[in-house]
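Below are structures written as structure tokens.
Each of the two complexes below includes chain A, the first together with chain B, the second together with chain C.
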Partner chain A sequence: MYNPTVARLTYRAVLGRRRAAILFILPALLLAISVAVRSFNGVDDQIAANVLGGFAIAAMVPLIGVIAGTGSIAPEIDDGSIVYLLSKPVKRSSIIFTKLIVAIAVTMVFSAVPTLIAGYILNGNGQQIAIAYTVAALVASIAYSALFLLLGTVSRNAVVIGLIYALGWEAFFGTLVPGARTLSVQQWALALAEDIGGEGLIGSDVGLPVAVVLLSVVTVAATWYAGQKLRVLKLAGEE
Partner chain B sequence: MTAITIDHTSRWFGNVVAVNDVSMTIGPGVTGLLGPNGAGKSTLINMMGGFLAPSTGTVTLDGQPIWRNESVYRQIGVVPEREAMYDFLTGREFVLANAELHGLGAKQAQAALATVEMEYAQDRKISTYSKGMRQRVKMASALVHDPSVLLLDEPFNGMDPRQRMQLMDLLRRMGAAGRTVLFSSHILEEVEQLASHIEVIVAGRHAASGDFRRIRRLMTDRPHRYLVRSSDDRALAAALIADPSTAGIEVDLAEGALRIQAVDFGRFTQLLPKVAREHSIRLLTVSPSDESLESVFSYLVTA
Partner chain C sequence: MSTQTPGAAPETTRIHNIGYRDYDGRRLGRAYVRRSLYVQSLRGAYGLGRSAKSKVLPMILLGLMVLPAVIVVAVAVATKATKLPLEYTAYALMLQPVIGLYLASQAPQSVSRDLRFKTVPLYFSRPLERVDYVLAKYGAMASALLIVTALPLVILYAGALLAEMDFADQTAGVAQALVSVALMSVLFAGIGLVLAALTPRRGFGVAAIIGTLTISSVAVTIVQAIAWETDSTDVIKWFGLFSPSTLIDGVQTAFLGATSGFPAEAGPDAGVGVLYLLVVLALIAGSYGILMRRYRKAGL
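Showing the complex of A and B:
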């Protein structure tokens, strides 16, 4: 299923574009905030949880997911260079699967790893907060990558739609409408973090079993559908 | 022997019909797909390359449907018209990636780069390549698995005359080796120089097929034009006009020749030498002046 050549091309495409700067800027910002918070406030579990939940999980992970998920396929579809992958005896599903693995790896490296480091800077993993949010970031990386990879396959405006979802739905709308929070990757991931972290510090609107089921279903369904869309992707129409 | 068969195939985009009930078979040798811009050539090539589903009809490779069938790419090599490639790679990396996707390696990639004479620039980034260089690397990527069918969409665009000659030579050799080579073009000279067999597409319809000189002869409703020089043009003209196979003769003083319009091709070609002999006129030049692909094409387009 995993095609190393497709992976190599995808890594270079995702990390080689100017957009990739965001991949470095957001984690750097998180670490800078963490260092500042720690030096002004000292160790505070609640503040640590607020920073990781409010910035790392609510904003950084979905944004990096958008860059990595859409970036691993949308530019190739946009400029038509994907024709060089499609004109090969390689299964479409294995192209999508490989790109998903790349998107997940990139999202994890640029979101979960900094989250872990930030957690240790903020309170030295007191109350398991660093680990809890890192697990949330890892799990969210998988679901976001699958969702945004699908988005990159079906829409030419994948980045814009991705940003609207990541910032609008996950971060803003979710705080106003309680129902919307049930359908949020962020809340599903936080359900796992809630289970790991210290009592009362991390909250989620979704129960753990529901979160695990929804995360799995979304990831598998999005990946499968992206594979289907790629099979019938039309490259023509420019005449 | 590998052939692509298009059977009663149409393709429309919304209300626009791009390809209208076309049937043709592309077999071994070099075939030129000719048509004005926007005639439906790219749509047709995209269907043959498996990048577009026919709205109706079928497009098959030796009986196998091409649409949604990845296995056909073991036999098909595609050179797309679009410029976009993986610009951040070097030429060598790009062709190697294409080889690997076929389950091949560096050896085949190097051979393909040698075939298109791009070894000298293989370690430069594609983003620094000229249009002709890009075109040749695209060719290398399509040739890397030694395909029996090669589909090229406007391959000569942006090439300088020397590169054009080289590519034509390469395609000619591939055709002579029994491969099925199909290229599209809207430039008549390109098609005329490279392909004796042409398929003409005009406004989405299959307008003609075959050797273009034969296509011309089948156009019986168009008088055939000849340029004739002889030892006595006026005597020849007088003798020819008496026969019903000749519709008109003009004495072109500037050229020092006769411009003859013949309505009956077969009869005229027998008549001309006979009349000349009977009147002891020496024929110096007899050349068909509208049997070039250009005139055939303009007849088809304006028909």
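Showing the complex of A and C:
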């Protein structure tokens, strides 16, 4: 299933040249904020949970997920160079699977690792907060990568739609309509964090079993459907 | 064979004048090219003159911008309110995620594709200077943003007058807000175009623009909230200098009679407001400068 050549090309496409810069900015910002908060405020578990939950999980992970998930396939479809890949005797589903692995790896490295470091800076992993949010970031990375990879194969406006989902649906709509929160990757991932972290610091609207089931269903279904879409991909002309 | 013979009767060959004529009519010139490019880019920002598919997103976003204004007006007229439930100046900042999405989706289509398909040299083979291209694209993007941000204000204003609210108050309010959104449009257009012009890939341009706008404003908001919780209210206004939307918030708080969206409404006073305005103007000039630099060697 895993094709090293496809993986190498995808890594180059996602991380090559200036593109990696945008992936570095977010974690750098998180660390800067954490250092600032720690030096302003000292150790405070609640503030640590707020920063990690409000910035790392709510904004940074989905954004990196969008960039890595769509970035691993959408630009190739966009400029038509995907045909050179599709014309090789590699199964479409293994192309998707490989690109998914790459997207997950990139998202994890750029979101979970800084979350862990920020957690240690903020309160030295008091009440397991750093570990809890890191696990949430890891799990969310998988689901986001699968979702946004699917978006990349479905639509030419993948990035915009992904951002509308990540920022509009999860961040904005979720605060207005409580029901919307049960249908969000962020809350499913937080359900895991809730189980690990200290009492009352991390809240999720979804129970743990439901969250695990939904996460795996979404990931598997999105990957499978992306493979199907790639099998019947039509290269439309420019606009 | 005989025609190839060297030195054979050269006096018999001659070039016939078959009547080609030079064009000696009026040339439309640089200003015309610039205007055409401006109009084409502005129409393109709403998908006009492009495929039906590419009209969908800008129109949805424009609708999203206008919809709350229509609802507010409908409620205000139905309940016979004496003033609008929100300030004109607050509207654009409240809906800035939508503005950000609009900019992120349209700025790259305006410049990235010219770079990717290497059509920029074709533009410059016309009597068009670099400054014309940059000005036309910048102007078109700023105008497109101005339409997005000013249209709901006009609707609010019209609704307020229909509901027979105080004419002088409403006019002053909408005028201040229009100045503010004009400044916002130029600032955001500059930032968006610079980021879009850096990459020929549309997707990365979109991500870079939305990332810059969202992350900077989220980060500033978080830092301000923390400063507020720790009772250091007087540093809040200095943090506002670090994101485009809080810059606009600061300028309109200082000069345009707006209520600040900062925590504890600790917006800048006129003194610090001058600094805000200077930073905004510097950013605008900077974006223009970077664009000019970018196109010095573009695609050649």
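Just so it is clear, the second predicted complex is superposed on the first by the 231 of 239 C-alpha atoms of A that agree within 3 Å, B and C clash if a C-alpha of one lies under 4 Å from a C-alpha of the other, contacts with A are read in each partner's own complex, and residues count from 1 in each chain.
By our rule, contacts are C-beta pairs under 8 Å (C-beta built on N, C-alpha and C of every residue); 3 or more make two chains touch, one makes a residue touch a chain.
Because the structure is a prediction, the values reported are computed rather than measured.
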item	value
Combined model on chain A where chain B meets chain C, clash or fit	fit
Partner chain in contact with A:79 - chain B first, chain C second, else both or neither	both
Partner chain in contact with A:9 - chain B first, chain C second, else both or neither	first
Which superposed partner A:231 touches (first chain B, second chain C, both, neither)	first
Inter-chain angle, chain B to chain C through the CA centre of chain A, in degrees rounded to a multiple of 10	70
Contacts of A:89 with chain B and chain C, given as first, second, both or neither	first
Which superposed partner A:54 touches (first chain B, second chain C, both, neither)	second
Smallest separation of CA atoms, chain C relative to chain B, angstrom	9
Doubly contacted chain A residues - partners chain C and chain B	79, 238-239
Residues of chain B touching chain A in the complex	13, 18, 38, 40-43, 46, 49-53, 68, 70-71, 73-74, 76-78, 80, 82, 84-86, 88-89, 97-98, 100-103, 141-142
Parts of chain A lying in touch with chain C, wherever the complex brings them together	18-19, 22, 25-26, 29, 33, 36-37, 40-41, 47, 51, 54-55, 59, 63, 66-67, 70-71, 74-75, 78-79, 156-160, 163-164, 167-168, 172, 238-239
Chain C - residues contacting chain A, complex	50-51, 53-54, 57, 97, 101, 104-105, 113, 116-117, 198-199, 201-204, 206-208, 210-211, 214-215, 218-219, 222-223, 226-227, 229-230, 232
Of all residues in chain A, those that touch chain B in their complex	3-6, 8-9, 12-13, 16, 79-81, 83-92, 231-239
